[in-house]
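Structures incoming, each one as structure tokens.
You will see chain A twice below: alongside chain B first, and alongside chain C after that.
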Partner chain A sequence: MNGSYHMFTFDFKRRIKSSFTYGYHLIFPVIMILLLGLLLSGQFGERLSSFQYYALVMLPFCTTLAMITSAYAGKDEAYQKTAYRFLIAPIKEKDIVIAKILSCTISFGMCNILVLVISWIIFSIPMGSSVLEIILLLVSETFCVCAIGIYIGLGMKNFIILKNFLNIPIFICAIIGGSFYPIGTSNSVLEVVFHLSPLTWVNRSIFLCIYDNHSEILWITSFILLAIGGLFTFAGVRSFQKEEFLHGDLLRIQK
Partner chain B sequence: MQNILEIRNLSKRYGEKSVVEDLSFQLKEGEILGFLGPNGAGKSTTISLITAIQEKDAGKILLYGKETERNMQEFKRSLGVVPQEIALYEDLSAYDNVDFFCSLYGYKKKIRKERVQKALEQVGLWEHRNETPNKFSGGMKRRLNIACSIAHTPKILIMDEPTVGIDPQSRNHILETIRVLNESGTTVIYVSHYMEEIESLCGRIILMDHGTLMEDIGKDALKDKYQPLGLNNLEEIFLYLTGTELRDKEEA
Partner chain C sequence: MEIYYVFKNNIKRSYHNTFQFILLLLLPAIILLCSNVVGQMSKPSIRLGILYEEKNPAYHQVMKSLNQSKGITFQKAKEESLHTDLILGTYQYIIDLREVHEIKNLKILSYASDSSIRKITNQIKRSVESGNKVQLSVNNKGDITESERICAYLFTVFIITATINACILIKDRKEGMLRRFGFAPTKIYSYITGNTVFNLVVAVCQIVIVYGVIILFHIPVYLNIIHFLIIMSAIIFFSISMATFVCSISKSDLSANVLSSCVALLFTLLGGGFIGFYKMPFILQKVGSISPVHWIINSVGAMEDSKDNLPLTSIFLLIGVSIVLYLGSIKKLSKNVQ
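For the complex of A and B:
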């Protein structure tokens, strides 16, 4: 077994034990689904309950937040002051990047699947055989945002600035993607604007797949997300800077 | 003794400023080499260049006569570095810290078990193996920092000021550990500002300042060389060669 494998398993365990993972990917989506579902109950007609709607749109939104948690994961060694030991160990830089992306994707993906299955059972979402396709889409999205998050995290020193920087576009994408309330318009310009949000594609793919038995768009969206994730993985490996990996400021962690 | 490591014409610049300039020296197998220099002398940069943390502008680094760049992974396996800054996971036990960093060198669990135990015993922390470093004293953290760097049994150990800010007992234990490691075949580069440590540990001394090599000489030969000038100990020689001017600016 090589060092890269150990690094991946170690990082995976750290992600699973991290309060960030539970907070952002288990507790937060459940609270949001319950809260919004309750506040807007009865407003989605007979075919769809508010709980079903928010279970389906909150998961892609909370998956997007993995960009922040994975950016933090990218800085973990710098904050813990252990990055030096990784750089002097016989591990290739690409293995550090890939191990981090994979550990984040798998741990956050597992949380997403757990919330999806719980929602499916509790809120009786009519997913049927589409469940595997939805899981594929969520895993693709998780991989994509983790690759972007690690790429950004490894390139920036201050997590607080990074978090504030990422929060704004994520929430704008969520609003125009229908994560908080269904969005629709007949205005073609606005329609284009809505489609600038990846959450629009993801949410529409899920609803088309479940309620219209139309999974083609879901497969295309998954493929695009995987391709973007692959591109950012490549970019993360290519642009890896030892200096950035070594140093990071986080006031909360003081050794 | 053959050369285990050879540095040839190593150079590094930050913009216009030369931080390491045409530095050459050899490390003989089995020796403890003292690496001295005031703040900003280029010691840490030299270590960063040797360990490939930073890229050199010019020069060669050879392990047993072979360029390390051609087989960097193999070179890294031969190398252990005790960083000046404590590099530990505060939420992992002492055992898990050493075990994990040893695993990065590709060793299987069975082999690691023996090596981790030996490393922790060598630094006197085996009885504290299940405790986390956040409950450790400064000296214990320093010793664990060393254990994490020696568990993979490196041929060359670079120690960057491993005794900074600790009590005399821990310091004494660390110096003893270095002697034991050296007796068992580990070649050591010892960087320190404590002259008495260098004097008691090292057979040969390299003195650097402003990125250049000022002395590369045996400890006794160094004393003999400067005795006619009325300089009777290492500290006096150090101050004579590097000056008494404060180096706060270089450090910053």
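For the complex of A and C:
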């Protein structure tokens, strides 16, 4: 208990001081919302402004980019060359993994909630009382994505190659889910393909909750995301060995 | 002579990674095919949803008109997810027949602008009351045609593949080949020109493959071969000189690739490659007029409209910018050597 608490506070302070957190989860969403909202301001009419649409749709997309940020966070100790200290420290693997996942979730989740609240106020999105449910959905998505990212970062030696390939499916899922343009089709084959992307379900549940007052899909999606996150946490704890930290010496990147 | 040596050396180097080289040659054709397949599967049609009860006589009248119409697909809409379906694009308009028993009280729900909703409502009411097929004309001015869209995509893809090819410059600079060239009794421009000629030959092979794909799969590009060659030459001149310039100012492979991808995407976005240029807000139109994609789309549009017209200004502008970038990269690399 002691070990995991110290590990958690240490990791949390490191996440807050890292520029990756602010760049990817505060500045990037705001820029994308403003840019896309301005570019497509003629798309919607008077009842819904493009800024409102993109504020609600960019947040889940930027949360999936946390997979890459948390993969880097997992490899932090390896790149800082503190591997030997961790090998001889009396701390269990379970504490390290859980502390990393929790610190990533809380720090990225706080950035997401900040962007959500700012856009709620500035663009006057009619959220009402459903703001708590949307916060729950975003936090569970952050947890799921961070668990997957830390599993990749801690478990794989050459995760840089995998990270370059991770970008492509994320972008494809975002385009299919309507994060860049409200996309729809009458072809039934394409409709099945569109429903394969998790971002389709997340975006749909957000709009169902706010505009149609139906929160069932949102609760189901949140539970599924939490379950997947729990699964990857369990897999990470079981498969992590402290010797993984030694492998960071070969791939020193210049930050 | 030195240009030929550098060129031959590059060809020998490409034999080492034959698979990657062939993939690079086929990349534009593959992307063209994929975008065409997706475009054909989701043919542009207006998606309507209808909210109705079976006993409603107005519903049968509406269905009679809709069944005769072309270019419109319609389905029963769900009441629980009414607004979500409209916002996320599942249906563009929903005909609301819930409390309506006469056609003149018909309501259309949509998140588009009020003026277009009024227009569509009037069109549907008129067609259904007279029992004719429904013809909805949505404002299509400013949308880009298929040929223009394909040329804009090819521009983006060529910049990215040209940068991947031109990364040889960065590799040589790190390994010291450039310094050896500086000591040899040759000028630096022969080295860069050799690399550029290699890039050019690869790009010409890519264009031949793309043209073959266009003819084989009947992709809707309505340009005759001379116009196609002119546009493609302008595109490859620009993309090769841009790639050479980006690689001469970057310090690593990764930053060169990232920079050129970002620049290519930005040009396409601002020049109206994804959305029609005239649908963008006014300020962005002013900013987007510097984008080469905008010049390309204008030229292709002019070529499609009249077969004899050659939009020479845009082409010369593109070639002019390419020459400037090329000279800039020669200057930067000569500074590096000294």
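As a convention for this text, the second predicted complex is superposed on the first by the 243 of 255 C-alpha atoms of A that agree within 3 Å, B and C clash if a C-alpha of one lies under 4 Å from a C-alpha of the other, contacts with A are read in each partner's own complex, and residues count from 1 in each chain.
The criterion applied here is as follows: a residue touches a chain if its C-beta (ideal position, glycine included) is under 8 Å from a C-beta of that chain, and two chains touch if they have at least 3 such contacts.
Not measured: the values here are computed from a predicted model.
When the two complexes are overlaid on chain A, chain B and chain C sit side by side with no clash. Once the two complexes are laid over each other on the shared chain, residue contacts for A:Tyr22 go to neither chain B nor chain C. Legend: residue contacts after superposition of the two complexes on their common chain; A:Leu38 is shown touching chain C, with no touch to chain B.
In the superposed model, A:Ile88 makes contact with chain B only, not with chain C.
Touching more residues of chain A than its counterpart among chain B and chain C is C. In the superposition on chain A, contact is made by A:Pro182 with chain C only, not with chain B. In the superposition on chain A, A:Leu208 makes contact with chain C only, not with chain B. In the superposition on chain A, A:Phe223 makes contact with neither chain B nor chain C.
Across the overlaid pair of complexes, the angle with its corner at the CA centre of chain A and arms to chain B and chain C is 120°, in steps of 10.
With chain A fitted onto itself, chain B and chain C come no nearer than 24 Å, counting C-alpha atoms only. Residue ranges on chain B touching chain A, taken from their complex, read 51-54, 72-74, 76-77, 79, 81, 83, 85-90, 100-101, 103-106, 108, 148-149.
Of all the residues in chain C, the ones that touch chain A in their complex are 41-42, 45, 47, 73, 75, 80-84, 87-92, 110-114, 116-117, 269, 274-275, 279-281, 284.
Touching chain C in their complex are the following residues of chain A: 38-42, 44-48, 53, 178, 181-187, 189-190, 203-204, 207-208, 211-212, 214. Those residues of chain A that touch chain B in the shared complex are 1-3, 6-7, 10, 80-92, 242, 246, 255.
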